[in-house]
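Got some structures for you, see below.
Here come two complexes built around subunit A, the first alongside subunit B, the second alongside subunit C.
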Partner chain A sequence: MLFRRIYQFLIVYCLGVTGLLAIKYATGLSNYVIPDLTLLFDTARRMLTGYFFDVLNTLSVTVLGQMVSIFMAFFVGIIGRKSSWLGSFIKVMAYNIQAYPIVALAPIIFILMGDGFLSRLLIASMICYFPLLLSVLGIMASPIKDIEHFYIATGRMRWQLEVKIRAFENLNKLTTVIAGSATLAMAGTIVAEFIAADQGVGYSIRIALYQSDLARILVALFSIGIIISVYQGILETVGEQIKTKWFAPKGGELL
Partner chain B sequence: MNQKSRAGIAIRAGLMILCIMLFSAETPAVAGDTLNYRLKWLFNTSVAGDIIADTGGFFKKAGLDVSVNEGGAGKNAIKELELGYANFGVASADQVIRALEKGADVVVLAQLFQVNPMQWIYRSDQPEIRELSDLKGRHIGVTFGGNDETIMNTLLAKAGFTSKDVRISSVRFDFTPFLKKEVDVWPVYRNSQGVILEERLAAEGEQVKFFNPADYGVAFVANSVVTSGTMLKKHPETVKAFMTALLSAWEFAVDPANEPQVLAQIKKKDKGTKNNIRQKQLKATRPLIKPDKGTKIGIIDVGAWQQTERIMIQEKQIVAPVDVTSRLVGPKK
Partner chain C sequence: MRFECRDLTFTYPEADNPVLENLTFSMAAPGFNAVFGPSGVGKTSFARILAGGNSGPGGNALIYEGIATILYSYNQERLPGWANTGRHLEKVCPQKNSDLKKELVKIFKVEAFLGSRFSQLSMGQQNRMNLIRYLIQDFDLLILDESLANVDEALRETIILAIKEIFPAKLFLYISHNLMEVARFCKDILVLSRPGKNKGAVVVPGQNYETGYTADPQAIDRSMLEIMNAV
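The block that comes next holds the complex of A and B.
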């Protein structure tokens, strides 16, 4: 899973760079518009280590932001799963708030909270949170009738059991959504850094943009791509392991 | 070869041709066709002459059909020249020098700002900055990766300071750290943001001063009009007509006698700024474009360009000299 993610990224990245180079040579553009391979490798030699640590810095905020949003999404999703007035209210609120572009709120967050760690964390969590919430709400609000009926009929249904059944039956979907939200959390952190932070890879990309240096941007994108692929690969592997554990009865064979 | 693979090849070939056509499409550059002029920033008083050239009919009188387009954070006139999206543009000296280092075919037709509007603002109740040594111990804002960082580094090196002698903070889009007095000395464009901040603080009963690097021997060139070497070679008459019209418009725009007309034209393009601010911005723009009556608008200060290139080498913004003077084709000082 981990290596497949990295291969996939490398194929996409190489295709992208090849496309750019094709345009460059087909239309005779200078290195100022699209860098050639020599410049790209030279920039990578100078900048890659720095960008690697910048991405790690960004990733630390991403992981934390994603954890916060997963916790929030499950908390709200579990409360909002009921067809009671509270559940309906939470669902309506979630659907309406997520329609508002978080990036538009980012400048206000930076003005109020400064350009430190908290602003980055908040924006990353917010960007990652809403799509997660919508998926969790959808999963938690859909009864698994065949199974739940038995527990309801026997009077043994509790809310914890209900949540467990729905999570278990939708484990594949949940794992995919959580792994996918890693990209959103990373994008959120980078957007936050790009707008106003003073560290992280988004901030480095902003500097490269000031200087119209596409080679640096491509190297930064490479660092981001590799690290996010590894992170997503790890999340998927962990998801697989959890699935295997859940599906295997204690001391027994896989179903 | 089966039908499926033939269709695949046809699609790929089509996409490639489309791609090449898209990026190689040159914008027309001969009389009678629309010329595209890409500014560096949004429409505001800072580009008064460019606005007047368009709305005041200067281009039309010269027989040119010019589309004056706003710039912005993601816009780069030199790249657009190369991609064929623009015929003329406004770029800062550091952009020109960086482009030359990477092989771009760009030439400088005129230097619009004789004095760089990039300056630093500070409150009058703080000790005045008379000498570079007065920067010691100050909390200074810079945009990392921006011109102001390069300029400030040069000033600090000139003063013999190290990073321990001052406190440097990263600057972002809003002025909050300066307004909250977290940063003492804040970079601004003297004729646009400088005026706005001055007004805001005056409303709070605070007075400000400006610290101009040029007063301490650092003349880092700002905005200039550029075109491609090919355009100059193939259409010298169009370039000449364009520059004559543009510089006449700038002469008109900075003449105090034309102030009401100029402000009315700017207002059409820059609706978000208050009238009194626009007026003050125009007043602040005049000495940057035409510092004295004898200065010919657009004249290229070769010494300042050479200094800008030297600074960029010292600051490791470029690796090797680019001989920028060979690309300065407009009238020189």
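The block that comes next holds the complex of A and C.
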């Protein structure tokens, strides 16, 4: 899972760079516009370590932001699963807010909270929170009638059991959504760093952008890609391990 | 114990025709009774209405005397997959019924699967496991909606006879498409025909065989014919 993510990224990255080089040589562009491989490797040698730590800085905010989002999504999703007025209100609100591009609110957050860790964390959380919430709401609001019937009929149903049944039955969906939301949280953090932060890989890319240094941007993208692939791979591996531990071992599929 | 139904009519929301129309009957209670009829005639709808008790839709047409707890089990139910079936049975078994649980596990021949997860069992094993967890609950009326589907005939007979022996004071409504089985083992058989056939609901007496019975082929044929005529 982990290695598949990394080599898939490497393939896409190499294709992208090859495409850029093809444009460069086809149209005779200078190294100032699109760097050649020598300049790219030279920039990588100089900048990769620094960018690596910048991405780790961004990733730390991403992970924290994602954890906040997951916690919030489950908290609100569990409250909103009922077809009460509160549940309906939460669902309608989530659907409507989700339709709004949250990233557009980032300047307001920076105006109110200034540069720094909290602003980045808030934007990262907000960007991955709503898609997560919609998935969790959808899962938690869908009864698994074949399993729940007995517990309801015998008066044994408690909210904890209901949540456990629905989470267990949708474990695949949940792990996919959580792994996918890592990309959103990372994108949120980088966007926040683009706008106003003074740390992280987004901030470094902004500097490179102002210097029109595509080589640096490509190296930064490489660092981001590798680290997010490892992070997603770890999330998926953890999800797989939970599934293996929780689900029954299969004796093999005939068909 | 008394169980009656007077003029029960039920139409699903947005449906043009009622699935049950003027259903009126009374049944022997307690006992092992059945609901029989062709597919789509409304057996499951009827069972679900019964399970809702007096407070559910159509509940005012139902008269329950001495029946406080109604349970409804059906053949597609599942046990959660995070623990083995033995652990699930333990968790839902009232303390006072633990001996009953052991007895049923033996009769239903599921001892070997208590360590397995529900998804690892065959459909017949799953249905037996599901039925046990209902039988160890406190109930007055238990509706068995195809609850023994996919169980082989010999074991089904053993199970039905055991249920009749262990729970003589309870009322059972066994929904099945097996004409022979219903005719042999059930006390009263409610036969449902499609609405509009003007036949209404007919209660046919079955042979109500108990453990150690001697079958009377002619009597069984008679019951089967009566049931088929009522459909």
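FYI, the second predicted complex is superposed on the first by the 247 of 255 C-alpha atoms of A that agree within 3 Å, B and C clash if a C-alpha of one lies under 4 Å from a C-alpha of the other, contacts with A are read in each partner's own complex, and residues count from 1 in each chain.
In the analysis below, a residue touches a chain if its C-beta (ideal position, glycine included) is under 8 Å from a C-beta of that chain, and two chains touch if they have at least 3 such contacts.
Owing to the predicted nature of the structure, the values given are computational and were not obtained by experimental measurement.
Which touches a greater number of subunit A residues, subunit B or subunit C?
Partner with more touched residues of subunit A: B.
Would you sort A:Met157 into first (subunit B), second (subunit C), both or neither based on which partner it touches?
neither
Could you tell me if A:Tyr32 is touching subunit B, subunit C, both of them or neither one (first, second, both, neither)?
In the superposition, A:Tyr32 touches subunit B alone.
Contacts for A:Met113 in the overlay, against subunit B (first) and subunit C (second): which applies, first, second, both or neither?
neither
Is A:Ile165 touching anything from subunit B or subunit C once the two structures are fitted on A? First, second, both or neither.
Touch partner of A:Ile165: subunit C, not subunit B.
In the superposed arrangement, which partner chain does A:Leu221 touch: subunit B (first), subunit C (second), both, or neither?
Neither partner.
Between subunit B and subunit C, whom does A:Asp146 touch in the aligned arrangement: first, second, both, or neither?
Second partner only.
Counting only touches as set out at the top, which of subunit B and subunit C does A:Val230 meet: first, second, both, neither?
After superposing on A, A:Val230 lies clear of both subunit B and subunit C.
Once the structures are superposed on A, label A:Leu134 by its partner contacts, choosing first (subunit B), second (subunit C), both or neither.
neither
Could you please specify the touching residues of subunit C with respect to subunit A in the complex?
Contacts found on subunit C: 51, 71-74, 76-82, 92, 116-117, 119-120, 130, 133-134, 137.
Along subunit B, where are the residues that touch subunit A in the complex?
16, 19-20, 23-24, 73-74, 76, 78-79, 82-83, 94-95, 98-99, 101-105, 143-146, 169-170, 172-174, 176, 317
Which subunit A residues qualify as touching subunit B in the complex?
Listed in rising order, the residues of subunit A that touch subunit B are 19, 22-23, 26-27, 29-33, 35, 39, 107, 110-111, 115, 195-196, 198, 203, 206-213.
Show which residues of subunit A lie in contact with subunit C when the two form their complex.
It comes out as residues 146-147, 149-150, 153-154, 156, 164-165, 168, 246-248, 250-251.
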